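To start, I am sharing the structure in question, which I have written as structure tokens.
Labels A, B, C and D are assigned to the chains in the order they are written; within every chain, residues are numbered from 1.
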Amino acid sequence: MSWTWFHRLGSPPYIYGLARRLTPWLAWPAGALIVAALYGGLVLAPPDYQQGDGFRIIYMHAPSAWMSLMVYTTMAVAAAVGLIWRIKVAHAVAASCAPIGASFTLAALVTGSLWGEPMWGTWWEWDPRLTSELILLFLYLGYMGLRGAIEDAQRADRTSAVLAVVGVVNVPIIHYSVTWWNSLHQAPSVMRVGKPTLSTAMLVPLLMMLLGFTLYFAAVLLVRLRAEILNRERSASWVREVVGT
Amino acid sequence: MPELPNSTLAATAAEPRTTGATGEGTSVLEAARLVLLRDLTLAFRRRGQLVQPLAFFAIVTTLFPLAISPELARLREVAAGVIWVAALLASLLALESLFRDDAYDGALEQYALSGQPLTGLMFAKTAAHWLLTGLPLALMAPLAALSLGAPAGAVPGIVASIAIGTVALSLIGSIGAALTLGIRRSGVLLALLTLPLSLPVLIFGARASELAIQGASYVAPLELLSALAVLGITLAPLAAAAAVRISLE
Amino acid sequence: MGGYAAFVWPAYAVTLAVALLNVAWARRALARSVAAARRRLAGGGDS
Amino acid sequence: MSHEGLEAENLNLWRGERHVLRGVGFAAPRGACLHVAGANGAGKTSLLRTACGLLYPESGRVLWNGRNVHEDLPAFHASLIYIGHEPPLKADLSALENLRFWIGMRRRVGRALLAAALQRVGAAAWSERPARTLSAGQKRRVALAALSLALVPLWLLDEPTTNLDAEGQQLVGALIEEQLTRGGVVLAATHHELPVAAVRVRRVELRLA
């Protein structure tokens, strides 16, 4: 059992180089998948029998919502790793996640609202998923606020890591409680349109979109990660080489 | 100076844990009790600060009839929500000072270096916070409920829900307070961190109170609330202790 | 878009804008960090 | 026997952009007092806080009796007492109450022992007064009483003689000598001379970054 891979994963120059080499391999497939999925979703997929063309919002809403949760989970896992093993690179990953996740949470809220208006007849519905998404946005804002408020970089890393871990424990509880609360107050008079049952022609672009956004996230994360690693690195030797002075 | 033989060393200074085995050392429980008693003593030497959250709770619940309507029938519908939001904010208000004085006068460092598990001491501090804010709020809630048109039969349910719910709130709050240690003007940030995490408590607590006001069984939400409190008791002191240690780095 | 154009296109615009903005922000962050590191190395010397 | 006591190897510590400790090492075996000297801002307090495990060094390690202190922090902390710039006294509690709590967290002490310790540091007359009303030197004396009661092998003292009069400084010296005779270890950070017999003192000098 060798631990060298683990140590290498904690080594800033190694990760910096790896991130640089890996980024195009993620970015191009991500772009290709998203473009193909756009074509599939907007052109090839037939309109939904109930929602008509309105259902096509799913190709933007679902990936955004998926990103919001996946990024938060990634952030919390990285934060926990950084906290437990004191790995600086892991904190750099967590720091890179927050702005990406927050912006996609906002996108999920906006697209959800745009979907809600034609379907529910209101711009905002206290639907459990949208409400959870809103709370998730607050969690992101709190995380970024806490990180920004602490001047010492190392303490900012470690303090916000505790918050990320606490938050990820709470996310399922919040989602459950919001769903529970919503089930109590559901007014029976409001006509609800059921979730569209997706045919293959509808489903394939969606899956491609989810995969494309996942790769896209990895690519953006790696670019941000390089920036965060440079910000944390004080020993000049390898930094001098990569920034080329 | 001649060096003393090793046996004398061991007997006097070397191993405090072995002296502990003979009944002299302080156990975690005793240490936690000391922290709890110290916080209560300190609070009672500054009674003015003690009543502030209660006064805040009273004022907020008074604002609602003025903002909505004096009709008890209308107020009754929102009473549970009003009481719970007011309790949540009052509990939050008292949080800022949970660790502030201890950080300022070096007590936190003293706790961290006491050789006692910091988690246990954090739990004791949170317990003191609940005894000083959560419990008085629960005892005061009936007054607010009655003034908002709730029937007298709802009082046990409301008291129980606030009493249990504030346990969870104090625990969540202790994490927030520990995370914001060392940040200047941390009040708004503390609210931003704590309130989203408190949402499940608010939902279950308000529902229990609402059912109590309607005269229905409030056991289910109360059980969920208790589950949250138990989960908080097991996890929150750990997180708070971790955050306190980081603040000392 | 069968009467849904007013909702579908803004949803696509918002999400894709967020995606592109994230790329731009990430690249800007990297450029800034590289510049800051250069400045540190040039100014701080080897100390 | 060579590993009995406190040792540090090649400590490197950063505080933000400042490289505070640069490869600092020391050995303080049992019965020795380590005098951490250096100008203001040279990192004396940081070294003490690293030595007691509050700060994690970027590299290097601190060993207590040959074991890395971070392996079992609670056990290590149970065998040390740290007194910083300001003794951790609650302003609203009396000197006696503060002392009882401070020591009570570690071991049971009776009233008589507390009174004797306060008597020795010259605090008998004002031990019932709230700490708020005490002078800086008087607070220091309460800390000295805690030192004499803690019965732990390792003392970490940050500027132990500050604010004390001549008699108080001698008291510090006497307490340290007693601790060393018991086979204890003392780390004292100060830019003054320590009132301790020179043969038992080792020095580590920190320079400004």
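By our rule, contacts are C-beta pairs under 8 Å (C-beta built on N, C-alpha and C of every residue); 3 or more make two chains touch, one makes a residue touch a chain.
Keep in mind that what you see is a predicted model, and the values were worked out from it rather than measured.
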item	value
Chain closest to the assembly centre - both centres taken as Cα means	B
Between A-C and A-D, the pair with more C-beta contacts	A-C
Rounded Å distance, chain A centre to chain D centre (Cα mean)	48
Mean-CA-position distance for chain C and chain A (Å)	15
Distance from the mean Cα position of chain D to that of chain B, given in whole angstrom	33
Whole-Å gap separating chain B and chain C, where each centre is the average of the chain's CA atoms	41
Residues of chain D whose C-beta touches two or more other chains	56
Chain A, residues touching no fewer than two other chains	154
Chain B residues touching chain A - in the complex, by the definition given at the top	175, 179-180, 182-183, 186, 189, 192-193, 195-197, 199-200, 203-204, 207, 224, 228, 231, 235, 239, 242-243, 246-247, 249
Of chain A, residues touching chain D in the complex	86, 151-154, 234
Interface residues, chain A side, partner chain C - complex	34, 38, 42, 47, 52-54, 56-57, 59-61, 63-64, 99-100, 103-104, 106-107, 110-111, 114-115, 117-118, 213, 216, 220, 223-224, 226-228, 230-231, 233, 236, 239-240, 243, 245
Contacting residues of chain C [partner chain A, same complex]	1-5, 7-8, 10-12, 14-16, 18-19, 21-23, 25-27, 29-30, 32-34, 36-38, 40-42, 44, 46
Chain A - residues contacting chain B, complex	83, 135, 138-139, 141-142, 145-146, 149-150, 154-155, 158-159, 162-163, 165-167, 169-170, 173-174, 176-178, 180-181, 184
